[in-house]
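In the two complexes below, chain A is the common chain; its partner is chain B in one and chain C in the other.
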Partner chain A sequence: MNIFVSQIMAIVWKDFVTEFKTRELFSAMFIFALLVILIFIFSVNLSIVKASEVGPGILWVAFLFSGTLGLNRSFVLEKENGCLMGLILAPADRTTIYFGKLISNFVFLTAMELFILPLFMVFFNIDLLEHLLPLLLVIFLGTLGFCTLGTLLSSLSSNLKTREIMLPILLYPLLVPIVIGVVRMTGQILAGEPLSGMMNWIGLTASFDIIYIGVSIMTIDHILEE
Partner chain B sequence: MIDIPKPDSSYSAIEVRQLCKEFGGLKAVDGISFELKRGEFLSVFGPNGAGKTTLIKVLTGLTRPSSGIAKVAGYQVEDGIPEMRRQIGVISHSPALYADLTPMENLVFFGKMYGLDHPQDSALAVLEDVGLAFRRNDRVRTFSRGMLQRLSIARAILHNPSILFLDEPFTGLDIHASNILKEHLQTLHNNKRTILMTTHDISCGLEMCDKVAVQVMGKFAFLKDIKDVDKENFEALYFDMVRNNQFTMAIRSH
Partner chain C sequence: MMRPDGTEEKNEEGNTLVWLTGIALLMQMISIFIYVPTERTEGVIQRIMYFHVPCAWLSFFAFFVVFICSILFLWKKDREWDIYAHASAGIGVVFCSLVLITGPIWARPIWGAWWVWDARLTSTLILWLIYVAYLMLRAQSDSGSMRARYAAVLGIVGFLNIPFIHFSVLWWRTFHPQPKVITNEGIGKGMDPSMLATLGLSLFAFTLLYFLLMGERVRQEKLKDEIDHLKRKNFYSS
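Up next, the complex of A and B:
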């Protein structure tokens, strides 16, 4: 196997083993997302507004807020005991560290989202099963964009004392185009519209995913330098 | 494909010429020059804030020099060439080990990052070397400071580097753990590894090294072969040097 790929897989393996032992990241993200959805259920009168209209926004707020918790933890784990220094000293391109962390964050967040979806379906009384495939595509695009930018910015904010505050302040404004795209697409999918009718939104979200990956590759070397 | 510059065959293990590192006007490393041949051991003494850690960070490629030349294993440090990093091992204040993983998992992970062919075998071998094989399946979180430092040595020598950088490795260790660490360092030195160690422990640093340096306010105020050093009076000389240099710098800054 190519050394670049095997180094990325080593980082992913390490994150999985750590998470399997501690279960810190997944449980924290899942409970937080669940609480966000519950709070919205009690604050929105579903007999007045349609669940398919308010549901997409609530679902993505839950995903993004709980995902931010996970991102904050992601690089903090690397900073503990100077582990990041150990990684940087390894004969690896620094983009391997970025891609390893990106894949871990993406898998953990996607797994959490897949557990939240059935609960969302029950609480909002929306049948997601008939629109499952297009919905999964939208979730993939949105989560990828969130993780590409979030992983980069969490590596940047992990050096700051106020990292828990700085990450959302840096991340959310830059995520606006992706959030608009995925919330609109989720709404249209729940309203029963076909994917072919929302190609402009798919193109917009995918473009920002690609742009953020490109920006990350170009800047991660400088961000990880002390 | 990127053309990676190869070192010439006659390279020194470490070669430093007029090296400087500034942080917003503050010179943490100020015009340092020295050369270490393969297999030599340099002990660098100095008070807190003298720039010893920064010197190691520059030489290991963790941070870029502001000016000057730094070559390690024949490679320019600034180039950040992976082959250079394959040649070095670093032991610092922090162990660079994942607390929730076991020693085996930590070392196998770093073995994979260094592209070792058999990371499991290499990890077990170095754990036996540092006497921690019996705790290989316990979480690192449960280890004492002394055991962490031994595990840190195992991580640093896992890929069999030819050059070792040690940043105050005796900090926080009790006498027993210090003695174990000294034995390991002596073995590594006997195995012809080039070692650069910063320390506050004067007797220990003098005992093992081939060259001695004293760094004060970013500069090397003293650099000699150990055979030219009066070991008996070195401690008094060291404190004089630190006092005089700090006094001179204080006058200059006014």
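Up next, the complex of A and C:
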């Protein structure tokens, strides 16, 4: 078990070092998310629509789109110079590759989201600090769900001819339940409702996360097989 | 011609299924347009239900077959299961499209709108998108084993998503007519017996149609494999 964890950590650490050296992924994701929010602000008239009603949807669309950029890079980066082959050949269980990638994707996306939240607060004039803890829980559940399925499908789409195009086409329909859930929950939290009123949504997103982690463990061997 | 053993027999089997399906579909037409009475409140448009519901049943059944065949493929690694999954996904998408077309035709006079974001409409649309993506994935990846493995993973992931889609859209909003066939009072109490019989006949006819189409698609895929095999043998071996 200990070896398993250290193997995962080695992959995560490798991703962090690459990112600190190049700094290309994080800045791209952040700027892209900001642009998505701006485009949506221009497309809805905030003097007519209430910001707290459209805000959650816009926020999550921005997370989703910029997260897809990160997922696309995650395995494509490994294709260069045959790094993925090296990882597969390494004497480790292949689920470690999945978990390593899952953790690094999750950390990058969460960090980006934490930078976006203050800007969201300013642009939409919504006070997030009041409901920060429940909001962070929702962001955790949603981002985890996005990354579990996203990492699995990104490992798959990186081998296709048109990988950047295929990943969103494969991923977005499958993410619909979680998107509806997190947007609903974020909206209710911003409206000041307590978490206990949305236990069904929390259960749905949490079980989504757990089931897809399980499915990924079972199927990743068949994807990373050359 | 290529396989003199048992080809004849297979054709005959296929013919019986063709005849059975033909007769069942004909009887379905007769009972929809002549036998069954017109619904009291909705009028003649309600007869579209006898296509709409069987199409939905057929596509969901087809997607379930994709799921089972995908699991069996990853387990046994046998090309046979991959062919079944592919064939079934294609048929499922065609009939899911028909559901999405007949639905608005029925909805327009009854609900007064082509499309409402009702739970079952939304989940059918998402399901359609998932399996169109499945077919696109198959078209995108060329090598045989890789394509089969990836498609199988997506077949499993996609089907497991159905309960999540169901509940999320249900809690989101719903307008659809409450279940009429299986209600709290028991099976078939909410409907006139003649309507129920017609619906049953339609479901039966469409199930036969599924197996007929499935047989044809599987035969096509196998012939395609054989052609590929012959091509490779004749072009590269000499």
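Everything that follows uses one rule, which is that the second predicted complex is superposed on the first by the 225 of 226 C-alpha atoms of A that agree within 3 Å, B and C clash if a C-alpha of one lies under 4 Å from a C-alpha of the other, contacts with A are read in each partner's own complex, and residues count from 1 in each chain.
As a convention for this text, contacts are C-beta pairs under 8 Å (C-beta built on N, C-alpha and C of every residue); 3 or more make two chains touch, one makes a residue touch a chain.
Please read these numbers as outputs of a predicted model, since none were measured by experiment.
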- In the superposed arrangement, does A:225 touch chain B (first), chain C (second), both or neither? both
- Message: For A:152, using the defined touch cut-off, is the partner it touches chain B, chain C, both, or neither? Pick first, second, both or neither.
- Response: second
- So, does A:86 touch the first partner chain B, the second partner chain C, both, or neither? first
- Partner chain(s) touched by A:201 [first = chain B, second = chain C, both, neither]: second
- Message: According to the stated criteria, A:181 is in contact with first (chain B), second (chain C), both, or neither; which is it?
- Response: second
- Contacts of A:13 with chain B and chain C, given as first, second, both or neither: first
- Query: Is A:22 touching the first partner chain B, the second partner chain C, both, or neither of them?
  - Reply: first
- Find the residues of chain A that appear in the contact set with chain B and again in the contact set with chain C. 225
- Provide the residue numbers of chain A that touch chain B in the complex, in ascending order. 3, 6-7, 9-11, 13-14, 17-18, 21-22, 77, 80-83, 85-93, 225-226
- Contacting residues of chain C [partner chain A, same complex]: 74, 126, 129-130, 133, 136-137, 140-142, 146, 149-150, 152-154, 156-158, 160-161, 164-165, 167-169, 171-172
- Enumerate the contact residues on chain B facing chain A in the complex. 57, 60-64, 82-83, 85-86, 88, 90, 92-101, 105, 109-110, 112-115, 139, 155
- Message: Applying the document's contact rule, which stretches of chain A touch chain C when the two form their complex?
- Response: 149, 152-153, 156, 159-162, 166, 169-170, 172-174, 176-178, 180-181, 184, 200-201, 204, 207-208, 211-212, 215, 219, 222-223, 225
